[in-house]
Amino acid sequence: MRGWLLAAALPLLAACGGADAVAVGSKDFVEQDVLAELISQELEERGVPVERRFHFGGSKLTHEALVNDELDLYVEYTGTALVAVLGRDPIHDADSVYTVVEEAYLDRWDLVLAPPLGFENTFAVIVRAGDADSLGLEAIGDLAAVDEEWTAGFGPEFMSREDGYPGLKEAYGIAFGEVKQMDLGLLYRALDQGEIDVAVGNSTDGQIAAFDLRVLNDNRNFFPPYEAVPVVRRETIERHPRVWDVLQRLEGVVTAEQMRELNRTVVVEDADIPRAVRRWRARHLRPGKTAPIAPEDTT
Amino acid sequence: MPPGSDADTAAVEFDRASFAVHRGPTIVRELDFDVASGETVVLVGRSGAGKTTALKLVNGLLAPTAGAVRVDGVETTAWDPVELRRGIGWVIQEVGLFPHMTVRRNVGLVPELLGWDEERIAERVDDLLDRVGMPAGRFGARLPHQLSGGQRQRVGVARALGADPSLLLLDEPFGALDALTRDRLQREFGELMEELGKAALFVTHDLREALALGDRVGVLVDGELAVIAEADVLLESDHPEARALAATLQPPGELGGG
Amino acid sequence: MRELARFLVENRVEVGGLLGEHLYLSGVSVGVAAAIGVPLGIAATRSRALERPIIGTANVFQTIPSLALFGFLIPIPLIGGVGARTAIVALVVYSLLPIVRNTHAGIRGIDPALVEAGRGMGMTDLQLLLKVQLPLAASVILAGIRVAAVVSVGIATIAAAIGAGGLGVYIFRGIAVVNDTLILAGALPAALLALAADGLLGWMGRRLTAPGAPGAERGEVKPA
């Protein structure tokens, strides 16, 4: 009986918690949901009430939600912030990108950049390992030999961004014979099935390891750095100083390897994100000590 | 009206035929009578007496649950149903002219089903339409909805005669018409039947019509054939049903042909 | 609005390509659905035993949310995967109900006296179907195909999410980057395409219906 009452009351409680809770958002792909869940669990563990508003939408939509106080926090990538949100030309030095973005965000929207989480998630140009070997494809520039006959697959954002297909075409002088647009999550399956020959996904996507695929090297350094950084409203920090503590302690906590592995676990093995994140935190973070620890150190 | 030449095999033979609905009432019970070739037999009875059922037993739309019905000496259940029906002219009260076909096409339908060639069909259609008083030149290209009730029924009769069947089955063909049209069509039909010499089994609830058109008239009461006899014999008969029916006729009687 | 016009003109090649893809997706689906649905509708009129499962299944298909069906089909071998083929399978599923139901209703709605007359004069079932039932049910059946076409054009916009192309590509892109012009560049041509399909099939329906049959161009003339 009590169980039912509690379950019935939860929506009410959630709504009540609304005013005071920290609204954590994520963009519409798995890694974002994972990171947002990670931050949410860390916050909750330290007594900060959280309202999860995951899988919000594309970069621009999520950013605007943050600006409009529909969200308090989400994880952005510095390169995306620079080019897609601020509309500037790409820069290639990671520190410079961070500084430019940090200043502009605070200046224009009163948004604070937290320290980087420790990894970069850049656009990855991916091909089937078999093709890479037989055609000698190692770098993006090598695609010039096959681009005209090949079909490329992109997510809906990549077509429209300056740091997306238009810029890539110019920087590398390549143009694909056919381009198919689809939901990001479907790109790897499409690549594996031969519906497309090259996909532009994210470098930390879990499926890269799951299917036999290879990431091509960005030899002309077209893509700017995309360091993962939590972005939070300044007034949220004023309301909840503990939020800033938590974000500080998460600096450098996730390596690219770990992110990829965590993504892979969620996509390929266990789709229950909260559970996967809880396990990961138990293995890699210790209460009060958030620096990464080697797996052997845990029980 | 003497029966036709090959009077040995009756056109239709009801041999103690009954029809009962599965696990339900018996609609007709032990019908036993013949329709000789060239003869017109009219079954008369109130609605629900089983008249339509009796007809459907002849063209195989229904199969008897007891006894047998024979057409040209062969049991209806032994006939190929499609062949059986193509050899019988079928006229129903609603007429059932196909609304999307012209008068010509409606009338020529059974020949069409039999695969006659176009010329032969055209000739036949013209002839039939003339006979029923609907000359093809004027009416051939019309659609059914452009005809009056009486006109439609004439076309219906012409259609039934399409492939020159030796047997006609008619289910209250004139029932839906106004009295004037009905009288006229009855008369014309009677003349046509005399001319063509075909066997016909006709059902109606109208005793006068029965007496006028039938060589013999059978009275159906609750699914049973109470009596069957020539018109004048019926009127003189002592049979209670016959007497009851006779009493319903107007005294300045339009008694049917002698 | 002016911005939309400019975008459509500037990108007319791409717009044309997406329009062509969209037309392909919905056109093929409706065609296949008609080829399957009309016979199914006819079968449903013949047998009480088949009637309920056929109509019932078509009904159930209709209730599945379209995005869910697209997603659900992806992992299925042979008909699934990413791309146009999967989209067409989903669209066929959605186009079936109006066609099956209308075929069934159109044939059932024929005056039983006509069926009796036809059988009684010695038509085989096939002859009855081809000479009487289908011509008389034609306008209702075509109305069903018309509905299926409009539904199909609309739902085909979702196909872009699974790599099948079509005008939905603009819509999804526009949503991702919050660009109304892009969204409209996809939505408006799709709406116009639906209207055009509706109009064209309506016209065809009227032309193909035999005079005298229900739904024909000429009005009924009731005799005195």
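In this document, chain identifiers A, B and C correspond to the written order of the chains, with residue numbering beginning at 1 in each.
Keep this in mind: contacts are C-beta pairs under 8 Å (C-beta built on N, C-alpha and C of every residue); 3 or more make two chains touch, one makes a residue touch a chain.
From a predicted model like this one, the values you see are computed outputs, not experimental measurements.
**Q** Moving only between chains that touch, what is the shortest number of steps from chain A to chain B?
**A** 2
**Q** Report the chain closest to the protein's overall CA mean, measuring from each chain's own CA mean.
**A** Minimum centroid-to-centroid distance belongs to C.
**Q** Report the chain whose mean Cα position is at the greatest distance from that of chain A.
**A** Taking each chain's C-alpha mean as its centre, the farthest from chain A is B.
**Q** So, what's the distance in Å between the C-alpha centres of chain B and chain A?
**A** Chain A and chain B have C-alpha centres separated by 85 Å.
**Q** Between chain B and chain C, what distance separates the C-alpha centroids? Give it in angstrom.
**A** 46
**Q** How big is the gap, in whole Å, between where the Cα atoms of chain A centre and where those of chain C centre?
**A** About 40 Å, centre to centre.
**Q** Considering the complex alone, what residue numbers of chain A touch chain C?
**A** That would be residues 57-61, 64, 84, 153, 155-157, 159-161, 180-183, 186, 189-190, 193, 195-196 of chain A.
**Q** Which residues of chain C touch chain A in the complex?
**A** 74, 81-83, 160-163, 165, 169, 172-173, 175-179, 182
**Q** Can you tell me which positions in chain B touch chain C when the two form their complex?
**A** Interface residues on chain B, with respect to chain C: 59, 61, 82-88, 90, 92, 94-101, 109-110, 113, 143-149, 159-160, 169.
**Q** Where on chain C does chain B make contact in their complex?
**A** 111, 113-114, 116-124, 127, 131-132, 135-136, 210-214, 216, 220-224
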